[in-house]
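Note that subunit A is present in both complexes that follow, paired respectively with subunit B and with subunit C.
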Partner chain A sequence: MTGRIVLPDTEPERPPEPPPHGPIVWAHENLFSTVASGILTVVVGTLVVLFLVGVLGFIFGADRRWDAVFFNTRLMMTQAYPEDQYFRVWLSLGIIVSLTGLSLAVWQVGGRVSLNRITRLLSSIGAGLIGLEVLGPFSIRARVIGILIGLVLIGGSYLVKRAAGERAKQETIPLMAIVGIVPALGVVALYVLRIPTRLAEDNYAEQVLAPIANSTRIPITVLFVVGVVAYSVGVLMLDRMPNATARVALVGLWVLSLPAIVLTILRDPELDYDKILAIPGFQEGYLWWAVIFAVGGSLLITYLGSPARGEGGRAIGGLLVVVALASWGVSMLVLIRLFLLFLATFALAAPTFGGGEGRARARIVGLWVMTVAAAAYFVVLVSGPSTVQVQTTFFIGGLFLSFILAIFGIVLSFPLGVLFALGRTSSMPIFRLMCVAYIEVVRGVPFITWLLTAIIVFPIFLPLGVQVSNVVAVLVMTVLFSAAYLAENVRGGLQSVSGGQIEAAKALGMTTAQTTVFIILPQALRAVIPALVGQVIGTFKDTSLVIIVGLFDFLAIARNVIPNQRVPFNNLDALTEPLMYAALVYWIFTFSFSRASQRLEKKLGVGER
Partner chain B sequence: MAVEVQQRHQRPPLWRDVTVLKWAAQLVVLAVVAAILWILGTTGAGNIDDRGLTFGWRWLTDPPGISIREGIDLLPDSGSRAMLVGIVNMLRVTVSGIIVATILGTIIGIARLSKNWIVNKTANVYIETIRNTPLLVQIFFWAALLRLFDEPLEADIGVKWLHISSKGLAIPWIRPDIGFWQWLVFVVVGLYFARVMYRRRIRHLEESGEEAYAFTYAAGTVLLFALVGWFAHPLMAFLGPVWGGIASFFGALPTWVVQAVLAVGALGIAGWWIKRFLDGLRTPAGLAKLTDDDIFRIVFASLAGVIFAALFIVQGGISNLVLDGMRNLFEFFDGKFGAAEGGLRTGLPLRWSRPFVEVTGANFFQYGSGGIVITGGFFAIWVGVTLYTASFIAEVVRAGILAVVRGQTEAASALGLRRSQSLRLVILPQAFRIILPPLGNQYLNLAKNTSLGIAVSYPEIVLVGQTLYNQTGQTLPVVLFWMVFYLSVSLILSSIVNYYNRKLQLVER
Partner chain C sequence: MADLGQDDIIICEGVKKWFGDFQALTGVTTRIKEQEVVVVIGPSGSGKSTFIRCINRLEAHQEGTIVVDGIELTNDLRNIEKIRAEVGMVFQQFNLFPHLTVLDNVTLAPLWVRKTPKGESDAQAMQLLERVGIPEQAEKYPGQLSGGQQQRVAIARALAMNPKIMLFDEPTSALDPEMIKEVLDVMKELAQSGMTMIVVTHEMGFAREVADRVLFFDYGTIVEEGTPEHFFTSPEHDRTKLFLSQIL
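The block that comes next holds the complex of A and B.
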């Protein structure tokens, strides 16, 4: 009754023949596919080899002064930060490393890779090493050792791959474990490797072998351990608590840690409570003002946020804005002006975002109290003297200063840039005109002109008696400059949000402000994340320009300080070496950032949805 | 029903009317911004007074008392002349940089897509290295590299083909000679005829389908004119008196005429823009209803026209400046045509010139006036800016080529075109449309990045300006001068790019 379909006897289906492979096939396909391609290969190959021989001969030549760089590492990182206070720098790095470790774990960065990719990477490292040894100006002994290591890498990875067989193609190995090996190798190198160097008393190129980084290997080891521990804690945290909570908490920690590192740890070393209370600000009643504003502001926000207020709440908020702006014309504590400005912002936002259910209101009140506390704390710290004694006006320099300028520039310019982007796409012509004028004027003029302007023109427009240090002036300018570029990036995102979304939000009865914050901005910002990463890279590269207005950033130390040193060594002819080192450090950061951004772009699927 | 609905629809009260609220908010913010600017302005004016400084433009005409390292005038007699030297220096880097960066960037961008592994990887390494290092580091590096060479020594004295020292790079160069400007007239006329020839050949190609060699014909025309002009350029001597006449005409023109022409021009441009704007809104059904936005634009345009017209009338100095500029220009032409010192101008238009090292003073060796000497500053800023921009242009070109639909390449190869042909005739023309706007952006960036010349003492406009305000104390006017200059450069470059962009877009439809 039920018929069975009988399949005819067939051979079992065979997988298709794998295409032929091997080095000769590869070379035929990729180097000598046509006659023209073959000629091109020979010509370009010869040029590349000649170029590499020249460059390697230059870099590893006998008259290069790389010791000028090695001996000034500390100077390049932090300028003249006092030796006895150096644990503060390590503490800051420790905070950053542990937060990074936690974030890597919580955001589950990396995923898994296949053994194939790792063996391929190892064998290309081996090939690179062999090429380096062959082309560079090295002694026979160094060449033999280098080539042997290269061959071992290539052969070893080939054997591992053969042994693993088909399993080599499965993505099983966590990427972070592989990435973690790199700093681990670095730490091991601190203890094992020795580099030729000169004795301080002797200027006559006396070559001895000394360990790399004699004084810093203990802290660096500790930092590495801290990073590993933080990552493991992050992995554990991922199992124990809801992911969203962990992420919000981490973002909060990052935001708080940045000013805390710069203002508390690096700048003001006296972590003594009595000292902080003795700062003049408190005798003027900073603490009491903070308490008054925290309590009064909370009551006001609760009152305004109540749905019964209706339009009256917004009117009071608008009034507060006028009061806050007027306060800048009357002489009073800067802290009170800041508080008034914050309060006006919160009062305006309260009816829109704090209305309705009680939890939303509790959240906005909590945010207010935290804002008051943080503002009071940091204003007190900034107005107090720094006890870190350095010769220059700013307490830290070098790479740390470059990072401070870049990070604060980006973070502070973000809200401003979003505001300008919203203004530029707004339907209100005067807002739009003002934003367009601002954005185009800022973008039309080079950054260096703006920096010079900040240094020479800011003082003219400030009231008498108010002085701004060059670092602050440059930071303000970086923020204003970066905001204009950011606005253009965000504008692209805003324009990519489809009109249907806005109409749907309107149909649900959302106000314009709610539509913008809850519907448009999240979609717009997600769409422009790669562009924003590009801007972060750009701002980081742009911080190198502050050398021209006389700040001691990373590049300034490499270009202006090291080639002028006479003690302990005569570094007057060390010109290109610090610059090449600076280029390498900048390159490592920007290149890894751009690679991370490409991965992110793929993960988010920008342009595919 | 409908009538009832309309009756219920009342205007909301004033404080809930969206239009009123929006305009009120805008005006309030405008007032706040204006107030902030006013406060800053009065504080600034007060500070300037208190410090005994002055704000003015006298420095533009006063002798600046500075010398400039390189440029068209090493000892300028006025501040404006010094700034002009800076501008010319900046334009030298910008123009030559744009040309070379475009060629280099296109080659690297195409190489990045090559199937040849080594070519592909080389291009990739170039892009990733250059793009991810700050430009200033690169500029410093090139400057430092040149300083590794020796100074010119006694052994170097003599005429050279090529000479590198820590003072720069000396190469042979072609210099304009006595008959240059007369000859240039031939070349310009030749360029015009080449254009005519090019169009005729293209038309011939379209009508007959034969290979027309349009480019060869056009180039041949220019060469022919240049060759004839090489010998016949004294024929153009008659232009000298003509230029002289025009110059004296501008000299005799009273200022008020120029003022009137400029004012009418400003109003006319505003009127023309408004008319065009309204034409754009006109539909077959008549003029569309103007929104708040449209009205604002019209008001703004007319306001700008009136303000500029008023400015031209009130500030007679602007018209004088225009008048003087025109007179000087034609007087300059007058001096270059017609009779030279020894009768008719019959010398060669161009002269081949080779660099030489000479000794001045006590054992001080330096380059003489022959050939062209690429100074350390120029070398560093030019190489830095060009290589840097080329890496960005390469990425732009690559993205543009990838954006051309794949079917186009396949269709080209199906027609039997070689890879180079399909690239030249099919892909690049289409990719160019996509490339143009970001390419224009890169040109703008290059122009702005030349300001880094200040870091290697290359006297472009920022460095000259800085020297000037150090000398005169006029910081604010110099800063304003910079801003106006860079904004004009941006505006001019972006309007050129926009013009071509629009032209290309039209072809597409």
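The block that comes next holds the complex of A and C.
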């Protein structure tokens, strides 16, 4: 019934002429197009070369001593985590690596790249290597080897490109196969490299070059294999199960694994089974409370989610919110308070998102039972003391502490930031005013001030008998602080969603909550990915400020491990290598994050509506 | 004018609406019967879009009464959502959801507003896409379709809620000339199937061919109304004559 428009298929007779190209054309167009620009190119080029010679000479110079970094690796990673418990650290890393491998495969990160691009990448690496060897302060032998490798890379990629011919543009290779080479080379390096090693525990002067210890290289090799296996399993999974299911399952695993790693594996809590299994009272009986809430909550959610109830069931949800908030004023298990809070949220959401289908309601009930189980599990774990005996305020420090603060800070502040953004753009004046006040106050005061506030002022407002460790106080502050900034970024996204979208959703009879969740937020968040990534990177780097309140994060330890190993000792000079090392580690993480987000942006097609 | 029959599905009495100091509707009174196709025409700024947007309360009127399918439009949110579910709307700018596939665009509202099971709503959506002639585009995103195809998806999306009334707000004004026909064809087929439709449009051919009644709007009110024959051949009002002389 519709007329389809058919375009006449007149292919042009001869193929289009290729535009003029080649390095000489490029240089002429971009570097020497006029006399002035030629002079500018020569002058700036000379300055850049001189700058690079200086910087490389500083970094790779003969008087750099990296032994401080090698000696203290363990300290910088985990602070004083007991050596005999180190398998817990490796196990945690193993979980993270396998989840990363699975996620990379299931989300098809990177996709496939053309042979053409790979050869271009390889020859630029070769050129970079040659440049590095020429400009840097290396021995003749190192220079010759480096330049040879560079030439092999350039020549090899040229030959491959020649051999492939026209196919080089169509032939594709999974990007991960290329990216995977980097950790593979790292693992090989573990067995080839020799690092400065002390001859005796307390003798810093006498050092020899020795192979890396097996206790380091074997776990890392295993981790690499685990990562590769996980990625392959992920690729196989892609063919066997619906993609959406795999993604939801993986997100769930990530969310669960983070507290599981921190609270159980690393913390190794001591459990009080008498309290857990006791007859339920307001101070004990964790297990039975969980059962009571799981069953009772399921019944309530089923009742509220049935289509016959309609949206009127929200009143019960509202009542539950009041009860849940009031429960914080009464002495009882924290677990019960949490359960009430969660139940109120579920009761509010059930009428809108429960769906009339039996299966949709079964899903939300299943989610409730899992929430109860997870909450009970983690609260029980946290309430037991840690068996990891360390003489500091927290059982772990170093890079691991930085990660814990960054990951939890980002993950927890995200929903809060979205809520504040929605509040700030809401049509309810009181709500809006509260959110504006919160955001402006938090953003108007330096983060360090807030950190000190968290340690000194917060405890005054806590209910009697409740104590929080410094790490928890700092984490809460990170979340609250980051949420204010996130809120402003998300608000930008909310404003970019056109009014027509909201009208279309409303015209279909969707409620405000449904419109927000299904229409506004997905588009708003997609529009502000660059700003959100900037915020995430900022949060990660800001974790280095916690030294102010006495927590030893990665940078803090890098600054503190130094003053012993250099004879004659010079404090300022001795800081150089660990600081460069810290900078490199921070840079590797933030840079890979920014690259990954750029690919994500491309994949979600920002800007092509 | 229309009698007080039971089959009046929309009743408007003295509807007035202001945007700030500007009065967009100056008292609109009309009744629309079930299965009737009403085409609204008039110069820009005459209030015709505002009028149909009042019918599903995308705009709130300030005076007068509007009764849709026996429910009076007031500030009661639950009534508004109920009416919006019964009244489909197609916009000039399509307003498809760019982050969802065509199929998801069509099934979203049935799934969450009507609470239709997924399998059922998917099957219904495919039927509707077939009806508007683009079942093969179900897995694509709106940005990958032509304007005419997007507007047909928008019609399918509105129909997925099984509405009793369809509102069209200049559905072909943002389209290239060669795509207008494919959208009008879908609308004609819809009119023949017995849907109650209110169409704001500048397509006089469509009005002449499909409409049961034409409303001519100016200065925020109905200046003249009648059957297409009467309207296009022997208009009574001077304002109507001037308008027709300029566009025909």
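What we mean here is this: the second predicted complex is superposed on the first by the 523 of 609 C-alpha atoms of A that agree within 3 Å, B and C clash if a C-alpha of one lies under 4 Å from a C-alpha of the other, contacts with A are read in each partner's own complex, and residues count from 1 in each chain.
Going forward, a residue touches a chain if its C-beta (ideal position, glycine included) is under 8 Å from a C-beta of that chain, and two chains touch if they have at least 3 such contacts.
Worth saying up front: this structure is predicted, and the values here are computed from it rather than measured.
Using the contact criterion defined above for the overlaid structures, shared-chain residue A:M580 touches subunit B, although it does not reach subunit C. When the two structures are aligned on the shared chain, A:L555 is found in touch with subunit B, with no touch to subunit C.
After overlaying the two complexes on the shared chain, residue contacts for A:Q523 are found with subunit C alone; subunit B is out of touch. Once chain A of one complex is fitted onto chain A of the other, the partner contacts of A:E171 are absent, as it touches neither subunit B nor subunit C.
In the superposition on chain A, contact is made by A:S37 with subunit B only, not with subunit C. Residue contacts after overlaying the shared chain place A:G500 against subunit C, while subunit B stays out of touching range. Comparing subunit C and subunit B on the residues of subunit A they touch gives the larger count to B. Note: residues 311 of subunit A belong to the subunit B contact set and to the subunit C contact set alike, using the contact criterion stated above. Partner subunit A is touched in their complex by these residues of subunit B: 15-16, 22-23, 25-27, 29-30, 32-33, 39-40, 43-44, 46-48, 50, 114-119, 122, 128-129, 132-138, 140-141, 144-145, 147-148, 292-293, 296-297, 300, 448-449, 451-452, 454-455, 462, 466, 469, 475-476, 479, 482-483, 486-487, 490-491.
Residue ranges of subunit C in contact with subunit A, taken from their complex: 56, 58, 78, 81-82, 84-89, 91, 93, 95-99, 108-109, 111-118, 132-133, 141, 143, 152, 154, 157-158, 161, 178, 181-182, 185-186, 189.
In the complex of the two chains, the subunit A residues touching subunit C come out as 1-3, 5, 307, 311, 352-353, 355-357, 359-360, 498, 500-501, 503-511, 514, 518-519, 522-523, 526, 605, 608-609.
Contacts from subunit A toward subunit B in the complex involve residues 30-31, 33, 37, 40-41, 44-45, 48, 311, 325, 329, 427-431, 433-434, 440-441, 443-449, 452-453, 456-457, 459-464, 537, 541-542, 544-545, 547-548, 555, 559, 575-576, 579-580, 582-583, 586-587, 590-591, 594.
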